[in-house]
Each structure stands twice: as structure tokens, then as C-alpha cells.
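Labels A, B, C, D, E and F are assigned to the chains in the order they are written; within every chain, residues are numbered from 1.
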């Protein structure tokens, strides 16, 4: 943040590789597992470099209090939080302004991916919890939340694939880590797209950048998001594309499950819970 | 506040004039402009010495939550706030106990001026914001709020005219400034009346005073409030008493405006907004 | 709390008496007066050693907001608070986590004593305020609250009798005072029973204890609670056991009482308030 | 709003006031008698319990050590708080301070502070480094009307009887040892009035407050000065204000006499 | 949600946008003109009032002395706050900061902070011990759309004109005496766009914001750099983003010229 | 209250309990097995993830430097927090700590603190000036019943594996360097029971908690002592309490063995 020159600092143009050995356009290792939180309608656990985040989706369910209901669409409500021990210096438990801004922009990114108009007067509540972090926790959360949405069977136009892009130590790079985020010339750009339409759904920027650099960075972002998209799809298929026998088993369970839900719905109209459509 | 004797302090009895050159019964320069906040139903901007305040009125509108509704009258709800930079030492953004007490007494003062019984179950929300201050901000706000109320066309028995009165450096004075408020013998009395009936609607006091001094001070207060009342009426007439041509223009607009409001009212019953009766 | 050995500390095994001269199984002086808060449906004031607490009961009354209503029973809601000057070092006015936990466990203890199923959708609000303290304030409050409940005429299976029991300076004791609570080997056990059924309704423990010690302590607790129970009954009878004539009067009223309750319930569903039978 | 007050009761009170009467038989200018108990809270540096009709209030003082304000490096301070406990009336709720609690605390505070009753320089421990803060908090135990005056009497009793703790070499308070008492230079007391049916009544009960069209309080001192005024809801003529101030001096004198008698015993 | 916006108005705006028009007759790439008033708040170290169409915003700076962060012992800091006063629109409420207030404050803050406009080491008073914090707060007085840009212009004007108070030997601020001014190394300004009916419009009015399907802001500096971006609701193509960035440079240049003229006068 | 629990499920659980059975086939005195993962959060001084049936909890410790309490100038401190994340169950909400969160945090805290497991004098850095505070926070990731025990196991695992950072000459923490480990003198673990249909069941599931008429927890140590008890809702006979204490020792011993095995690996 301080922006002052440090001694012995790396020079990416000269070094040809990054502080952690990555190439300029290389992502940190990324793994996603969906369906990890049984109570949630959909969920995902993601590890991305040192970042570790959980995402859970509850809903669509009746939006409460009533005056928050939108008769035209579902409200996507994201709650981004960090565990006290997920950062180098202990975070206070109460949400800060950064948490709240990130919750807002993540909700606005997911909103574009969901057929919200199919669920008027409801909310789709998305909770993301960071338990370890090292730059890029918000895009990690968005990537995980998107998988949790799909896991919840919520009808979506597309997944949201997100990554950090930007600049550090003289080079344009993807997926900045903490050392790079603290570089004297750091520019950090959370970036997310709907891969099918190439629409940009998350875009923020910190730092000083030339327009021409931005154009290069955007290209890097698209390529990186495609890679992330593949990993997201693989994570979902790992849960859902099983042998026919297990598939059968799941379907049976899922029938009895939705059966229970239907009767619950009859008993209490207040639950606007949608039936789940698994891929 | 400390009440200790300062060196080289003024002696008003001897000096025959005040630290800022005023006579004992002289007000600081006061100017008022109404209708400055287009979104509000009524508004005013007031400069009074160094004090600068905005007032806005919204309503009458349905009082929410429902349990706050009074079937016999409108609730007058004043919110007094100070900008962080309106005082010598930065004010914390969150309202403090002083803000809340002032909000309460200003509301109680305005309540007596309004025909609240005409608007049962509604609230008339009054917001006053101090952006610069130098003693007397609450009476400045009350004077401005009263003009904003009239600008909103809310039926009133009378305007509320308010001023500080009291004692400093040995003399009874009107409209204390900060130096006087900090005098070793300072007595500060926020004072407001309905000029037509002479009713006192705001009265608070800090400091040590003889009963006989109070009697003198009250007289000064009445005279000062009459002056303020004239300035208030002038401010309102500047907006509303125009050449016949412009007058005509305004009336036309005002018709179409209330026309729109009526149709809005029909569409959404939840708006208890009253039609405006301009003077 | 620190658990470190202090010099010149007492040795109860050797001394045969406690720092304040009591025997090991001796309670501090305890007095209770019911009906001390006229506005409440039931109330009590209790002095127990240095502890001084008020308890007030309001209800059964409609539980609000609506979604907190339980169609099967009344909610018992206890609010435990301490005056700022009730402790050696000034307490902050805002409730802390300890206040909230104690409120919770006291409510759970009282719940078992009341025929809550007779008052569906209502709350019985219990407020206990500590104005002076010296170890054992929560059991003092529970003992007082139980009397206030009875004073409110709320149908109860039994009173709750509560005391501290535990260990200090080498001996198993009842009703620990502050010096004992701070002993190097202190074990503090808030303990409460329904005397008729011997059910344990409050039980917490701090400190290190052998199982065999606990068994001895529990015995002490039962005996102590019986003594407290007698004092509770005496306090109630002082208010309610009057000459036969007045007794008759009360019974008559008490019959009409439940009758009135029904009719009151019909008239205003929102008011579950029991009518008061004052002396 | 959960309210147990019936409109019927209130209009009856107004009707009576028009006939020159009060429900409890008092004259308009007659304050309720009160009983005062002192020092029952041993952890407090002082405490006072007042019962005045159905109104019950408990006040206590804790002395704390803090850094002086930079503006007044050789002065200590006082702080007054008021809590209308949910215990005291079905209308009250536990929670953050209500507007009523804030107003009553600030009016009682100003009555004492602005009368310069306390010489804040005597609360200085070491200039620029440490000073005493006297925290006076009072609690409504039963709300029977006129908590302003009850809080003012209990608060003044608490300030009058407050002991200053001894300090060790690190400016840490030594428990249960005291170096002396707070000194008061004058004794301000608040007197509160309501207007009902056009009549001025002193020391209102809870229902009289509810039935009132206006409220006014004045703090007066034993050396014949006014030290605070506060108009609540409603309006008054100047004549009414002046009448209340005169009566306020009288009522406060009587209450002060009683209070001092209790303090000396 | 109390709302006075009619669906009718919004669909009319969308319809107009599809026809290449705006309600107030502006071209899509045309920002509203503004008037700027400086220094009217005497208690502030600087103040600025902007009127831009129906939008009115007031910004002010107070300088405070605090301890530096342990991580940056030789640096001061800035802090930006935004309040959408209940005064400014019937939709706003007094209360804790809303998500909108937090976002707007943080975007304006980043626009200035991340452009490295301010050399924080110049705000150091004594390394590791004391430093200046420049608190810039801005208030919406009338909400007429695009508070982002109005806050950015007013905020930059406030930073550009802020005076640094003199300190006495104890690092206490001497009132109304100043040792100099804040220095800015570059001048970042935010430019905000909405998408309506597939069209990109700069500097939206209140109703245009309501009718919009997406929002985007970019901060640019006088030395030709981007210093912050923020996408609000909705989505954009890369082409749209790039178009807005280009236009952002242009609009910010014009506004900066006007702002500097006012500051110099 | 949004609840997905059907009354039907709960009465079935009660019915089963009366027949001596549990839904998941366990015996009444049989605790669920658990898996424990350690050290996955690199920013934490220690971390532990426990999966116990459907219950998932993550605990972590951050060490902070602070001033000691004046009463214990040569001691550090611990602080335990619990958050039932809205992530973990549709019944939970984000917001200020609920009564359930406060109770669970305080019971886990007391289990460790009151067992004198940690020698607080070893957390002193410089007497009267600086000391370590070990902040242990745990989070419910999936709420599947008995978060008390899951939090206790994860919390103890976190304390057992916590590293103490190195400090530079200014008592500032040097990131990622450690001077040693927290030492525990004994190993307390909580065991929780519910009563359903008059039967005592150890380690309840979420639905068993909902169906229960009473709850009780006891913390026991590896040297055969009880270190905390907490009765939740409902009532127990002394015989029931004693039975649960005996069983608590047994269950805690088994869990402790497993936990130590994981810690040593």
C-alpha cells in the first residue's frame, strides 16, 4: 500500500518469472469441491493458492422483511466475511466497510448470472467465508459462490468465472499474490465474466495504470477466466456425473428429498423455496 | 465551560460593545433562503453569523413502522445532525447524546406550530444539518426548519422564531457567539416563540442566573424573535410573492405538480402525502 | 481468577470457620420482600449478604414481534443487568456477554417452574437488576425472580430456590462470597432446584473439582436450597397469608382472576396481562 | 407501543385539573413527600434510594481515574447517566438509551454541572496526567412520574455523600479505602411542572405526565440562583414560566432541607 | 421502501435512450455543468459546495493528529466518508452507513489514495509518534443523480484547498492558525456512466440511475493515468468499458480545468 | 423464524428414544467419530478443522500483543469466540452475536480457562507492559448438532498446536517466524448430553437437539478432574447429572486419545 520502493525488490521484466516462480499469466493452483455443506441448498469449498473459502447458497426463499421483496425478481444477497485468523493480523469479528463493499459487488456480479426473474419476491442468500487468504479472496469467493449457485440448482445463464489481474514489479500479470499486491507499482483488478457472453460482471481497480496496459490486462483476464471456468465445470461434473448406478441412487434420494420439501411447502406457504434442478 | 477567569477578558459593562463589535441586543447577520432542496417537500438554507444550516421537510407521509402511528395527530420528527467539519474539532459521524436531545426539543417546539391534528397517522420528518457553526446552531436550525415547514405548505398556526439569549462578560445579551458562550459567567438560553401568541416553545438554560436577570433576558428574547420573524416572512415572500407574471407561471406549475401527486396518491395508497397549501 | 497462591491465605480445614465467620454450610443473611414495584405484575427485592437485587415480572403478554410467538407455550425472557455502581470497578452501562449468558440460563431455569403451556403466544418478561453485589448475584436474582413470578400470580409447579455452592481454601462450602470466589482453589457452582421434585434447573461450574467432591457439594446444595425455599415461602406469605377473612377475599378474587383473564383475552387479544391482586 | 394507560383516565385527570383538583388530593403547588435512604450499595462510592409517591429511583457514584481533557489539563469531570429500567414500567424496554433517558440524564447533569457546584480542579490528581471522573448513574425502579426531580434529588444526595478512594503509588484505586469526600459549593435541585387543562401542577405523577399538554423543569440553588431550565413538550406563556420559577425555588428549598437532614444523620 | 419513482417515468427514460435522447436534452456523452463554491465552512480546514444539475454536495476536511500505523511509522493518512443525508431524498434514512454510502465513500477514497496524489510521508509529524490524518467527509444535500462524480469533484476541491493547522509544542492544534497547505501530486477525478436501453450515458440523473441496467465509474488523472475503476450493478462488454474509459479521460479533463479555475480564483 | 424442521421428525425422534434407539443407529452413550485436520490456515498461529457426523467446525488462533490487566500485570490472557455462520444452517443469521453464540463461546472458554490448562504467566512478555493474548475463534461451517463438543475439540487442538510468534525489539510481531509453542498443563474436553423422552443421549445431532427436553455439558481433564459444567434448557435429577459426568470422563478420554494422535502426527 505504501507505494515506496523497497530494496532488493524483484524485477519481473528481467527475472522472467514471479516471486513464487509462476509465469506472468499463470494461475496459482485452484481446486473446487461442491456440495460440502449438507445443510445448504448448494455449497462449495475452494482452495486457490493460500486462499481457502467456503460458499453456501440458501434459497430461493421468501424475502424478509416483506418490504424488501421485489415482485419482478429474486434478490441476490451476498454476505462476504473473513475469519479472524484468515489474515496476518487478527481481524475484528464485526464486519468492516471493506466486507460490506465486497458483499455488494459480489452480489451485483452474481445477479447477472441468474434468471432472477423466475423467482419474484424471494431472496437467494449467498454466504462466503474466507478461512485463509493471500490476495484475491473476493474473486476466490465469487468463483466458489458461482459453483454453489449451480450446486443449488438455481437456473443460471452461465457461471461467473473470476480472477485477479493487474500489474506488479513492472509486468502485467494474472492472479496477484500478497507480495505482488504490495508491490510499489501494484495495480489490482478483480475481474469476472460470464464466459459464454464475455460480459464483464465484476470490475474494480486500484493503482495507476495506462489505458494501453489495461487493454493488455483485460486480454489476460479473459484467458484466465476461461481456465477457471473449466475447473468450475469439472468440479460440478465430479459431483454429478457418476456411474449410472450411483446416479440412480442419487435420483431416488433426491425424489424423496423433494417430496419432503413439497409437503413442507404445502404446510407453510411462507417458504418460497424452489425445487432444485440438478444438472 | 471551565468557568475560570481568563486574563485580558472583556468587560461588557465597561466596553459598551461586544467582542465582535455588536451592541448587547444586536443579532449577527441572518439570511434565509427557502426552497433550496428540490427533492424535499419544503426546505431552507440559513446563514446566521458563522452558522450555516440546511433544513428539509418530508411529509406528511405515512408513519412507519405502523405502531408509531398516532390516530389523533401527525408525529413531528426532527433529526438534528452536524457535519464532521462543522466544529473546530472533528465531530464523530455517529450522532451523540447532544444531537439526540436537540432533535427532541426542536421537535417539541415545532409540534406546537403545526396543525398536526389534520394529518393523523402520518409523520412530518424534519432534517436539519449544520455545516458550519459558532454558537446557536440549534436555534438556527429551528428557525430554518420553521421556514422549511412553511415552504412545504404544511398548515401552521404560526412560524417558530428562535434565538439564543443570555449573559456574558457581565451583560445580558442576545445571540451569543462562541467566545461569549465560553465566558466565565456565560449563561446560554435557547429561546423560541410563536410570535403571534407569544407562547414560548423552546426554552433551555445552562449557567448561573438571578431570577431578575432572567426577566430582563426574556424581554430581549421577545424583541429579537420579532426581528427574526420578519426575516423569516421576507424569505418566504421572496420565493412566493413575485411579479404577477412569474406568479402566474408558478401557479400553473404548481397545479400540474399537485395533479401528478394526486394520481400518484391514487396509485399507491401507502403515501399519506398531504396536498400543499402555499401561503 | 489468577489461581496463584496468596500469602497469609486462610486454611478452612484448620480454621474451622470462614473468612466472614460463617460455618461451611452457612448461608449469608437473606431477606426477601415481594410486591415492591407497583407497576410490575409481580416483583421482589432481595438482600443476600451484600447482594441487593430487584426482580420484576411483566406478563403473560403478547409476544412481539409476532414471529417470536410460540403457539405451544409462553416464552420466559429474563433480562439480567447490573447497575454501574454495583461492582468494585464501574461496570459499563451496555450489557456484556456475561450479562447475556446469565439472562439465558436464568430463563432456562425459570422455564421449568412455570406452566408455560397455559399461555401460548405470550411472553413472560422477567427483569432482574443488581444494585450491589458480592459473589452470587445470579442465584440471588433467580431466587428473587421466582418470588416475583409467584407474586405475579403466574401458575407455577414450584418455586426455584437457588444458591452458590463450591469449594474454597480447602473446604466444600455453600454460598461463596467474593473472597472465596477469588481463592486459589475456588470452584463456584450456581445451583438451583425445584424443591418439591428435587430437579436441578440451574447448574454451572467453574474451576477444578473431583467427582467425589461434586457429590458432597450437591448434597450441601440441596440442603441450602431447602432453607432458601423456606425464606421464599415466608416472604410470599407475609404478603399473602393474612387473617382468614382477607384470605377468603383473596381466594374469591383469585377465582375471578382467571375468569377475568379469559374475558380480557377475548377483549384484547394483544394484552395477555394478568390482572393484579393487591393487598 | 404497549400501553396500559386508558384514554378514560387521562381525560378524567384533565377534567379534575380544570376543577382545581388532582387525583391524589394534592394541591397544584404541592410536591410529594419523599423518603431517602443512603449508602446501601457498598461497592459504590455513594448511593441513594428515593421513594417519592410511587416513584422509586436509585442513584450511585463510582469514581474512576482517567486522563484529563487536553483543554482542561488540571480538571476532573463528572458524568451523569439515567436508565429507565424495563423493570420500572411495562412501557420501557431494555436496549440502547431512549430519547427520554438521554434528555433526563442531560438535564440532571446540567443542573449540577452548570451550577458550578463542583470545583473540577479539586478532581485533578496530576495536571495533564490523571484526574477523577465521578460517574453518577441513576435507575428508575418504579416509574411513578417525575423521574426528573427524583433523579435530581437522588443524584445530589449521591454527590453529597461520595467518598474519594485512596490511590496507591501507581494511581491504582485501593479498594475500600478513602481519602475524603467530594465537596459541593452549592446544592442545585430540579423542580418539574406540567400544564394540564391550562393549570400548572408541580411534581406530576405518571398519569399526570401522560395527560399533560406541556412540561417544564428549573434547577435552583441554595444561594438563590437558577442553574438550568428545560422545557419539554408543549408551550408556556412567560407568566407561566415565571410562576414556575418562583415555585421552583420554594419546592427546591423544602426538598433541600429534607435532603440535608438525611445526609447529616 | 418509500419510493416516489413511478415505473412510468423509468420506462419513458429507457424508451428515450433507445431513440438516442435524454430527458434533459443532453447528449449521451455530455456531462452536466457544475458550480463550485469554496471555503464557506470556517471551522473546516477546507470546504467545497458543488451544484451539478439537481445534485448538491458539500465536502469538508478536518485535519487531526494521531499515531502513525506501526507498518508505516513515517506516514500520515487520509480517510473519506460519505453520507447520503435523509435531507437529500425521501428514500434516504438517518442511521448507520448504508451499502451505497460505504461504496461511494470507498470509491472516492480509492480514486484519490491509489492515484498516489498525496505523499503520505509529508503528513508525518514525528516518525512513529504523530502524524496528520486528513478526514474528508462529503454530504449529499440534494440527491439528483451521480453522487459519485459530485463527491469526487467536491472531495478533490477540498483536498486541493486544505490548510494544515499549526501545532504548539505539545502537538496540540492551534485554532485558526495554519502552517501551509496539503500538496497534491496529481489530480484524479471520477467519471460515472450508466447503461440504459443498451446505450452508454455519462453523468446520469437520479431517474437515469433508477432506469439503468448497469453502472461504471473510472478515475483518471491529469497525467493521463487511470487510478480506479468500479463496476456497479449490471454487466458491460469490454468494448463498452473501453469506450467509457476514453470518455472518462475527456470528461475528467474538462471538469478538472473548471475546478482548477475555481480553486485559483 | 425460518425453520425447516418438521414436528413430525421431532416426535419420531422422541418415540425412538423411548424405544432405546437413535435415528443414526448409535447407542445412547455412543459419541460420533470425528476427523481432525490441522494447520490448513497459514495466516493463523494454528488451525483445526473437525468433521463429526454432519457437524463441521473450524477453529484458529491468532496471537496478539497487548497490555496486561492492571490486576494481573505478569499474566497474558486467552479469548474465545464462536460464530454460528449463516453458511452453516438456514436458521442462522449474520449479525451481532446471538445468545447461543455467546453461551457456546463462554462454555468452551471456561472449560479451558478454569481448568488452568494454560499458565498465563508464561504469556507475559514484560510485566505490567506487554503480554500475549491468544485469540481462539471457531466457526460452524455446517451445523449438524453438538457444536459445543466440536468447538471444544477443535479449540483444544488449536491451543495444543499454536505457535508463539517472534517479536522484534519494538515488540512488533515478525511475520511467519516463531519462538515456540503454547504449553498446556492439562487437556480439558467438553462432553454434551441431551435428554429425550426421559433418556440421556451423548453427542446429539441437530434434530436430537431440537427434540430434546434438556441439555447438559461437562468438561473433564486428562488428570481426572471436572473443569466446567453447564446446564442448558430443561432439568435433570442429580442421578442423571452424575451419570452424565461419569460418561463425560469416558467420552472425553476417547476423544482426547484420538486428538493427541492427530496432533502428534
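Throughout what follows, a residue touches a chain if its C-beta (ideal position, glycine included) is under 8 Å from a C-beta of that chain, and two chains touch if they have at least 3 such contacts.
For clarity, every value in this text was computed on a predicted model and none was experimentally measured.
Common neighbours of chain C and chain D (chains touching each): not present.
Touch-path distance (fewest steps) from chain A to chain D is 3.
Which listed pair repeats C-D comes down to matching contact pairs by residue number; over half match for A-F among A-E, A-F or C-F. Of all chains, the one whose Cα centroid sits at the greatest distance from that of chain B is F.
Of all chains, the one whose mean C-alpha position sits at the greatest distance from that of chain A is D. Our note on geometry: chain B versus chain D, Cα centroid distance of 29 Å, whole angstroms. Chain D and chain F have Cα centroids separated by 47 Å. Between chain B and chain F the centroid-to-centroid distance comes to 57 Å (mean Cα coordinates, whole Å).
Taking each chain's centre as the average of its CA atoms, chain B and chain E sit 30 Å apart. Residue positions of chain C with contacts to 2 or more other chains are absent. Shared contact sites, meaning residues of chain D that touch two or more other chains, are absent. Interchain contacts close the chains into one ring where each touches exactly two others, per the touch definition above. The ring of touching chains, read from chain A in the direction of chain E, comes out as A, E, B, D, C, F.
Contacts from chain E toward chain A in the complex involve residues 1, 71-72, 75, 97, 99, 102-103, 105-106, 110, 114-116, 120, 216, 218, 221, 224-238, 241-242, 245-246, 249. Note for the complex: chain A touches chain E at residues 1-3, 67-68, 97-98, 100-101, 103-105, 108, 111-112, 189, 194, 198-211, 214-215, 218, 222. Interface of chain F with chain A (complex): residues 2, 4, 6, 40-45, 47, 54, 56, 58, 60-62, 64, 81, 83, 85-90, 94, 96, 135, 137, 139, 141-144, 173, 175. Against chain D, in their complex, chain C makes its touches with residues 36-40, 43, 50, 52, 54-56, 58, 61, 64, 79, 81, 83-90, 93-95, 125, 127-129, 131-134, 273.
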